[in-house]
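As structure tokens, the structure follows; a few thoughts come after it.
Letters A, B, C, D, E and F mark the chains as written, and numbering starts fresh at 1 in each.
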Amino acid sequence: MGYGDYQCMDENGIREDGRKADEMRPVEIECGVVPVADGSAYIKWGKNEAIAAVYGPMECHPRKVQRQDRAILDVRYNMAPFSTTDRIRPGFNRRSREISKVTRDALESVVDLELYPRSKVRVEIEIICAEAGTRCCGITAASVALADAGIPMSDMVVSVAAGKCNGIVLMDLNKPEDNYGEADLPMGILPMTDELVFLQMDGDLSMDEFKIAWDYNIKAAHDVHKIMIEALQKRYGGDV
Amino acid sequence: MGYGDYQCMDENGIREDGRKADEMRPVEIECGVVPVADGSAYIKWGKNEAIAAVYGPMECHPRKVQRQDRAILDVRYNMAPFSTTDRIRPGFNRRSREISKVTRDALESVVDLELYPRSKVRVEIEIICAEAGTRCCGITAASVALADAGIPMSDMVVSVAAGKCNGIVLMDLNKPEDNYGEADLPMGILPMTDELVFLQMDGDLSMDEFKIAWDYNIKAAHDVHKIMIEALQKRYGGDV
Amino acid sequence: MGYGDYQCMDENGIREDGRKADEMRPVEIECGVVPVADGSAYIKWGKNEAIAAVYGPMECHPRKVQRQDRAILDVRYNMAPFSTTDRIRPGFNRRSREISKVTRDALESVVDLELYPRSKVRVEIEIICAEAGTRCCGITAASVALADAGIPMSDMVVSVAAGKCNGIVLMDLNKPEDNYGEADLPMGILPMTDELVFLQMDGDLSMDEFKIAWDYNIKAAHDVHKIMIEALQKRYGGDV
Amino acid sequence: MAIPIIPSLLRDNLEALAADDQRLDGRSRFAGRELEIEVGCLANAEGSCRVRMGDTIVFAGVKFQIMTPYPDRPTQGGLMTSAEIRPVCGPNWEPGPPSEASIEMGRVVDRGIRESGCIDTSGLCILPGEKAWQVILDLFAISDDGNMFDAFALAAIAALRTATVPAERFDVGEDYKLPVAGTPIMCSYQKVGGRFVFDATKREELGGDERIHITLGNEGHVHSLQKGLRGVFTADEFNEIMDAAQSRCAELRDIVHNLEESQ
Amino acid sequence: MAIPIIPSLLRDNLEALAADDQRLDGRSRFAGRELEIEVGCLANAEGSCRVRMGDTIVFAGVKFQIMTPYPDRPTQGGLMTSAEIRPVCGPNWEPGPPSEASIEMGRVVDRGIRESGCIDTSGLCILPGEKAWQVILDLFAISDDGNMFDAFALAAIAALRTATVPAERFDVGEDYKLPVAGTPIMCSYQKVGGRFVFDATKREELGGDERIHITLGNEGHVHSLQKGLRGVFTADEFNEIMDAAQSRCAELRDIVHNLEESQ
Amino acid sequence: MAIPIIPSLLRDNLEALAADDQRLDGRSRFAGRELEIEVGCLANAEGSCRVRMGDTIVFAGVKFQIMTPYPDRPTQGGLMTSAEIRPVCGPNWEPGPPSEASIEMGRVVDRGIRESGCIDTSGLCILPGEKAWQVILDLFAISDDGNMFDAFALAAIAALRTATVPAERFDVGEDYKLPVAGTPIMCSYQKVGGRFVFDATKREELGGDERIHITLGNEGHVHSLQKGLRGVFTADEFNEIMDAAQSRCAELRDIVHNLEESQ
């Protein structure tokens, strides 16, 4: 099958994996999966699997990156070598570095960093199985892990992505939709206010398509948020 | 055309680009080309183009390289990836590291480093278009940039190179003369005393040829020095 | 000659280089071969040649690796690029890093580190000609160099290796025996007590073969220890 | 006006200015700095452009190499973007391996161009399965007074649109103009004193919050977005800068096209 | 019981416990922690295993690549083991180039498998002199509460013994089960409070001395040994843990074999 | 005589000695230290030399590899020089990536040999366009008591001139002596106490200023020059050391040639 021959939707508006256009893949979240961490979360999102662990607040090394007035987040996004069909060689990787940075930018927007001057909080995101949309998985899992670690936040970041395939705007592209698709719009949303802390996009979207994709994301974020809350409630009981 | 088939001079003693044996390529210098730097200079020398910027004196990091009794110069010579016919891959490069070192050795010989203990002055040299003789361009531009930054110096270093092609000693080799030539003698000269702070040579020169090349360099240095002075006067007016 | 066709022993129980099963290659040791070091030793062991140099105790940099209660050993094992038939490219090398680590672990077990809090002792091991068994050469030479540097030790480490070839347990494999052999058991022995500070093994040994190889090593360690003592006596005279 | 160098004072200052809808250099919120743009300025590059926006100066250079196509795409060449921000361009840029900031810059500029589809990598094939052109776009900063993203993006597309494929030098035919099927333009907005402004200076960056980069194509389609740095924003804020970007990108696209015609 | 975090106090504590033949978590000297082992758990790996020993959790993943055999061994494929200990697994693991500790871990696990001969690299040939399989074993830690060596070694052999060679994906025939001719098992002992204990926790490691790693094959032959860290030991001490390893390795080998049968 | 270790005191001391035309070890200005030179000393190298000058000890080793010639020079092999100054050779040499000092050393020694033309890379061709010899010259220091440049350069040319091309091992004919068409020799002078001296010790280096390296060929032609470190010098100073170098290089060249004959 060449590029462009993929049909993402049948005549009834149903996608290959049974979803409607605005529907998410199934999402499961579990807290406390890294026993030695201060907070952690496991997320299964379609076939994606990610683990996030949080350590700290701790003393900030090296001194050079220390901030006098606040903590910093030291965020690392990484794909395990066996997480993809073709093995990923460990080591420096520009894509991972960029995703680590935008993830940090997103999370630093909600964590109450001023509480911990001169400290750092380490956030480690490991993708152990990758389908499509791993950066959203990572940000979402990291939010839950931060909450699990008891780090004060103004809200949890929920990250979801709508996209486009065969000219149709679709929520949460799976792997073939991503491979043959034409656009991807990942967002990081604060469910209490619908504000954003993360935004990327690549591909081709008209302004109309863009607005549909945006709205899909806002709606989906609220669905995922419920699953995040349930995972934390399951661990701690009661209100979160 | 194979090696050795190149004829650098016609029967009238005129080189391919119209110069005589002891003549320099045209040199233009302009100060202040990097607005955010403390001092800067642009040099066009034949088809060579280089930019030098100076930052500092500033605190010296890392502490390990700090000197209690004087400032250090932190000099970097670099060729932009698009500066040559075959693209240069960014990153570690032994040639650039050596040129950075000998340039620093030359400039440290004239800068009054004892005025700024425990500090550093950053000197950044970027070759954006390379013909032949880029290290001389870099040293000369850096001298002007240091003067532009108001860093006290005992004299400005003027760097020029004589060479040999077809057994003839020639001033300031251009690219084909350099490619097919037999020797190159770059020197860094203090025009007030004709003393040296920089000297390299490679190839093959008899002692007689060596003396001719040396004398060519001393003379040329005085010519280039005038252009350096004019560039500074143009920026600051009056005496420099 | 393919793998497995090698015959390590003739009908009289004599190996290709004239040794019996439990016999070592000739070992020569000389102290003080690196004049600028605080202690040093050269070892020739069969065709292996190694040099060990010791510097310190000195201040420990970087601070991060400093220990408040004791000195650390900073041990580097390295093979010179020309030490083997196929040149070894300088730079990072996992095998050398592991051997450096186990050598440090062995030597730190005997050096009286508590005498020098916050310091380090540098131990540099360079293999300049490699046959087989270079890690044993390195550890043994380093012990002598530490003694030469006057660093207090509870005992000197003697490192030797028995192995197996053609199903026969042999002391101190030479190159063809190592190439075609089936096992190697390097040990680091304290000759005063027959205790161990270093142990590695790879290949295939039954428990019976293992016990023979162990006993060969203990015996050989005492022989090598005499040569170590003689080298130190030759340098310092009298008792060591 | 003296600029406070203590970040918290700078932030206060910027907030006070914002309250009066002012900026440090007197510009209005969505006004850009004075722009100079020159193509063909690097003699050894196959395409080049120098952009000056106020005191920010950058180069983009295009070079070509011959590559072996990947086995699963035998007729496709490649596009590679490299942003090595050398310490020449400002006191805060340090030597060493590529920083996070330079990696982000290179990747965001690259995505805007790549995702617009303006470079058809299938058109770069020389001999299927054996030889194809790799287009290498080098972003090179000379002076960083803020908003290098837009300066790089503008220099990049102008350098590409005026580049010549050096087929003769590689002995694979005659030189020809690199086909470029569109003119994606990036506009970047930084939150300063609580509201987004266009084309921030270094001082506005130092005392500001998050930035948003928008790349739009010829038809006004979105090709790339990126939010960078710490900060929260609303849909309304985003819509406002998206509107501003639509008109500014069109203006800049005209400037690039005029430049080409005058060449 | 509160655990002292000052290393010297921890050491005193561990010595006092050892004097009564006790351990921090109540285990006897040669008892292991609770063990969970699951194979086939990583959807994109061709072989995988997750091992949990107490609060230590690791994965091993097997991937395959096609390599060109070395000229002097035209019919042989390869086995490569990589242990990249990512900082996710504990507060003391740092990012950056591979540490000494992770290099040692990868090499010791690799040697146990390689030297047992359980992977016949000649069997990995696809086309002599041209194509052979390279088996890549990636060790990946999620949570380090001590004794990652044994966890990795167990996950590694279980992942290999349940791996499928993805010949169809590479268009070189039908998928088949990777042949593995043995089940080498590693048991590690750490000196804590003056005597060797099995399966040390992180705290026992922090307050302990040297460790010894023993890898034994199906017939009880020794395939790999490694002594790590500062410390002196006697032949008697070694013989005691070698005896313990002989029985424990046999038990763990049965667990791996049962797991395969139940698959 | 006790040597002051404070650099400024050391400098004063060296200046006082210079005023009396003395040196720390009693040598005259242009006298070298005791020299030992031995070739063929490294069993696994195809050419080798050990040089001892006072307490400075270095090795040079020559190895050969087969390379594919560059397309534009199908009949040429290559020469590569590598100077990895390992920390074994002195307390101030640190491990890690190549330092500036070692890069300069390797390049200056390399240029002296390369630019003299003594290695004819066209003569290294095995099969035009396909195979040629790459000569690799490894400089390796054991003990640094100053002036490693001259020690390396001497060891390098002696190792090359006594090297054997290992054609049999690579199955491309019979072994033969590497042809070397000259004997370039380097002499280095350091400014100590205000005047240049030959063959400076480490202490003279520590308390001295700039150094000048001169490589001369068989006919007394100049093949390479390098001025290193901070310092100013005059034409007269240079001419004086150039004269000294002319006679000293000739002496050292005779030593190398005698060594070859006695082999």
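As a convention for this text, a residue touches a chain if its C-beta (ideal position, glycine included) is under 8 Å from a C-beta of that chain, and two chains touch if they have at least 3 such contacts.
As the structure is a prediction and not an experimental result, all values here were calculated from the model.
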Co-neighbours of chain F and chain E - touch as defined: C
Intersection of contact partners for chain D and chain F: B
Chain at maximum distance from chain B, centres defined as averaged CA atoms: E
Relative orientation of copies chain A and chain B, as a Cα rotation angle in degrees, nearest 5: 120
Selected pair, out of A-E, C-F or C-E, that shares over half of its residue contact pairs with A-D: C-E
Distance-maximising chain from chain C - centres being C-alpha averages: D
Computed distance of Cα centres, chain D from chain B, in Å: 32
Distance from chain E to chain D - Cα centre to Cα centre, in angstrom: 49
Euclidean distance of C-alpha centroids - chain B vs chain F, Å: 27
Graph class of chain-chain contacts, one of line, ring, star, complete, other: ring
Chain order around the ring, beginning at chain B and proceeding next to chain F: B, F, C, E, A, D
Chain D-touching residues of chain B, taken from the complex the two chains share: 33-37, 47, 49, 51, 53, 55, 58, 76, 78, 80-85, 87, 90, 122, 124-126, 128-130
Footprint of chain C on chain E - complex, ascending: 8, 97-98, 100, 103-104, 106-107, 111, 114-117, 210, 212, 217, 219-235, 238, 242
Partner chain C, residues of chain F touching it in the complex: 42-45, 48, 55, 57, 59, 61-63, 65, 82, 84, 86-91, 95, 136, 138, 140, 142-145, 169, 202
Partner chain F, residues of chain B touching it in the complex: 69, 92, 94-95, 97-98, 100-102, 105, 108-110, 185, 190, 193-207, 210, 214
